[in-house]
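Please find the structures below.
You will see two complexes here that share chain A, one where it goes with chain B and one where it goes with chain C.
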Partner chain A sequence: MTLPGAWPAELTVDALPPLGQLLLSLADDEFVIGFWDSEWTGIAPMLEEDVAMSSLAQDEIGHARLFYDELARLTATDADAIAFGRPMGDFRHARLLDHPRTDWAFTVARRYLYETADAVRLEALVASSNAPVAEGVAKIRREERYHLMHVDAWLRRLAVGQGEGRAKLDDALRRLGPEASSVFAPLPGEEELVRDGVIAASLADLYGTWTGVVGPVMRELRLPFDPIPPTTGGRGPDHGPDFAWLWTEFTSVARSEQGARW
Partner chain B sequence: MTTEEVDGAVYEVFRQEKDGDPMRHAGNLVAPDPELALHYAREFYSRRGESHRLWVVPRAAIGVVDDPDLLRPPLDRSFKKPGGYVMRDKLEEARRRAAEDHP
Partner chain C sequence: MTDPLALEPLLHELTTPPSPESTLRNDPSASDDDRLAAFTAHVHAGGKVEPPDWMPDEYRTSVLRFVEMHANSELMGVLPEREWILRAPTLKRKLALTAKVQDEVGHAQLLYRVAEDLGKPREQMIEDLLAGKTKFHNVFHYPTKSWADVGIIAWLVDAAAIVAQQALRDSSYGPYARTMRKICWEESVHIMHGRDVVVTMMNGTRSQRGMVQEALDRWWGPLMQMHGPRSDRDKDRDLYWRIKAKTSEELRQEFLGIYVPRIRELGLTLPDPELRYDEAASRWRYSEPDWAELKAVVTGHGPKSQERLEFRRLNWAQTAWVRDALHAAPEAAA
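Let's look at the complex of A and B:
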């Protein structure tokens, strides 16, 4: 594997075409949640869950790679340069993913909100007029099905348990609820993607679909769920100090010797 | 991390590598409930795509027979094995008699 070259200085993410914006949002979301969740490796609540969470985190980074590869093809660069050679301020993941893993209930709450939102988004891409997107999404959805089952089992487990777990889950959902819609933050040039059939509906419409999916589950479990409609500020460029730490962490090897091979 | 710290049970996992293969014992794991046991089995025994089917069984559901008096009693059992009953001499004797009766 070749370590990435620098992200080309003349390439600014804001100048990417609408398809590039979509690919970047998908890839950055999966990449960042994958790195946060990998922070559980070695310290998850039990050995079995440690293996499961580490494997899930790897899956997410694998999905990111698929979208980065496609973006690399569009921009004549390479996936590693996009992932590891890009400045912090050029990341366009959702605001929901700007927090560290925190405690287990927080991770479960965030994964639930994110994975359900991602599932709605992927469903709107499975029949995409863009063939590489449609093919990639079809593969990813087969893996995400299991991710949803896993996080649904944990959400229910913490919700029906009494005491600390339930209290921490409530806190996390109250804190993250208003940010969950950032997955559906409008993308530059989104109307064009809808018109061309790249995505089946606008992100604002997908947000509506998502609240219809998650709302009943939250009511059933009597969990707090107070989403607010997505706004343009939902995807950076300012991601705050926690993401700054994570970026420093995941780029540390690539930055230590640019262009090195191993 | 020990199993004592975890509110869970042991599950035995059986795995089939290809369709039609026998289910073979793969190992075991600890899980807090049967649903998470399925997820962990999937992570432990097929996250690299190495299984066609998994059976995940609570260890408590397995009946065990390991009493040597039941399984290997100290008596001659050779007559219960197909190879333990030697036919050759008896067959020869029977043929000889048959030849004498109908020369």
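Let's look at the complex of A and C:
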């Protein structure tokens, strides 16, 4: 039996079957953005946004848990072991999520790019042949709808301003634009998932759908948007120094004592 | 995480018919003395005061000061626990802790709204807090050192707070009393989360039990000071106006009565050799809390007072552009 919180040393994420790779990518994306955005709790620009951002971050962690639970069933381990027991190099979130929350404009820019990409991806999973995935996604989409409305409102609000906010938003979008496609980086065994109807289209095709959704909005608002097609390596294993810091933080208590329950 | 049922008492209260005193104290043609007498009689009879009602300046100022400090405390109170949001060791704890801190921010928002109705804008209250002109509760001036602090704060600091807040559900100021009902309901969830963190660690390894005891030892002094020094019931104006319902000592006795047995039941030791229940006097005896420390701490000289205020000031300045952008946004943006 595996102790809670322990990740079996013999289990490597690269050896996971295609379905496991998909679940891991979905869960890690939500987990990592949920952790970064939870850092606004208590210090957001205004109390109303503090409460809102905190809800969004909690939703993301809840979604991560749902996918980790499903992955745990496949790997005979548990969600906390996957989330907190893995080595840093075994995280498979998109490169877009490697950066800290930075400032409010950066958070808005990243949330916009991520939430729109996630919406396209979830759309392709809602009729999944894998029942747990389809059920989980249906539940998640009910919440993600509000996430999109929230971030869309903020993107427009900052975009129409002429001051500091607009300049910061432009900077953030220029910096993040080329990385946004990492949400659609190819997964090992992806062809099998498409063939079996687990996902409705390849990630490369979903990338095309996404640029078709986001491009017109960015043009309408005259915001910079220069995406580049996704490549392998968009999901690690190297995630850079900021994620290394985050990983050290979120594992600091969990890893502080062997075999302890928290 | 508002349960719609939690709003039921609010709705009930709104339908309560006004008392006869309401008419005289709100009658502009009556003399000030008559209105004051009617107001005092109304409050002493257990009546509620609402924002549009006439009220003596002393009452308005006292309620504002009381609620503003409460709001400040909720806002500053998020900082010690916030430090652990990124370090929460399981998915369940991560969700519970983020939700708890979010609740505290929500409480600050509600309380600032109550205070705003009394005539002081929210921005001004936040600026006064950041400038060190107004106060916040002593317990939020101390550092956190381990995950056990998360448990002790959510369990015992919130328990000490809820003892006071439950009494405030009977406050004469209607909006404050109603807000307290919602807050108390949420705080009771926090206490369960905190106790669960503590119980899990007490059932864990020797080192985890040691962490909990060490945290309790550090927090006990501030907890005993939290409700304030004993005061003379007859001279306390907040009691006179029924803004609050109980004295500091009544609240402390109540806290000790409920929580000392619960703390001991978990195998923890309280770091006060004098602490015991005096059957003959029907009250808890304890070592005199360090009132000089309390005074120093709440006037900004606690171990983390200035660092936390500086953190808030820096953050407030760095996010000023967002508030400006929001206020300046044209309607077309919506």
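Assorted remarks:
Here, the second predicted complex is superposed on the first by the 256 of 262 C-alpha atoms of A that agree within 3 Å, B and C clash if a C-alpha of one lies under 4 Å from a C-alpha of the other, contacts with A are read in each partner's own complex, and residues count from 1 in each chain.
Quick note on the criterion: contacts are C-beta pairs under 8 Å (C-beta built on N, C-alpha and C of every residue); 3 or more make two chains touch, one makes a residue touch a chain.
Remember, predicted model here, so these are calculated numbers, not experimental data.
In the superposed model, A:R111 lies in contact with neither chain B nor chain C. Once the two complexes are laid over each other on the shared chain, residue contacts for A:A79 go to chain C alone; chain B is not touched. In the superposition on chain A, A:M149 contacts chain B only, with no contact to chain C. Of the two partner chains, neither chain B nor chain C is touched by A:R92.
Contacts of A:L158 after superposition on the shared chain: chain C is touched, whereas chain B is not.
Considering which of chain B and chain C touches more of chain A, the answer is C. In the overlay built on the shared chain, the residue A:S55 is in contact with chain B and with chain C. Once the two complexes are laid over each other on the shared chain, residue contacts for A:R235 go to neither chain B nor chain C.
In the superposition on chain A, A:L47 makes contact with both chain B and chain C. The residues of chain A shared by its contacts with chain B and with chain C are 45-49, 51, 55, 153, 157. For chain A in complex with chain C, the touching residues are 5, 35, 38-39, 41-51, 54-55, 57-58, 61-62, 64-65, 68, 79-80, 83-84, 103-104, 153, 156-158, 160-161, 163-165, 168, 246, 249-250, 252-254, 257, 259-262. Residues 78-79, 82, 84-91, 93-95, 98-99, 101-102, 104-106, 108-109, 112, 147, 197, 200-201, 203-205, 207-208, 312, 315, 318-319, 321-326, 328-330, 332-334 of chain C are the ones that touch chain A when the two sit in their complex.
Every residue of chain B that touches chain A in the complex is listed here, in rising order: 1, 5-6, 8, 29-33, 35-36, 39-40, 42-44, 47.
Taken together, the chain A residues at the contact with chain B in this complex read 45-49, 51-52, 55, 146, 149-150, 153-154, 157.
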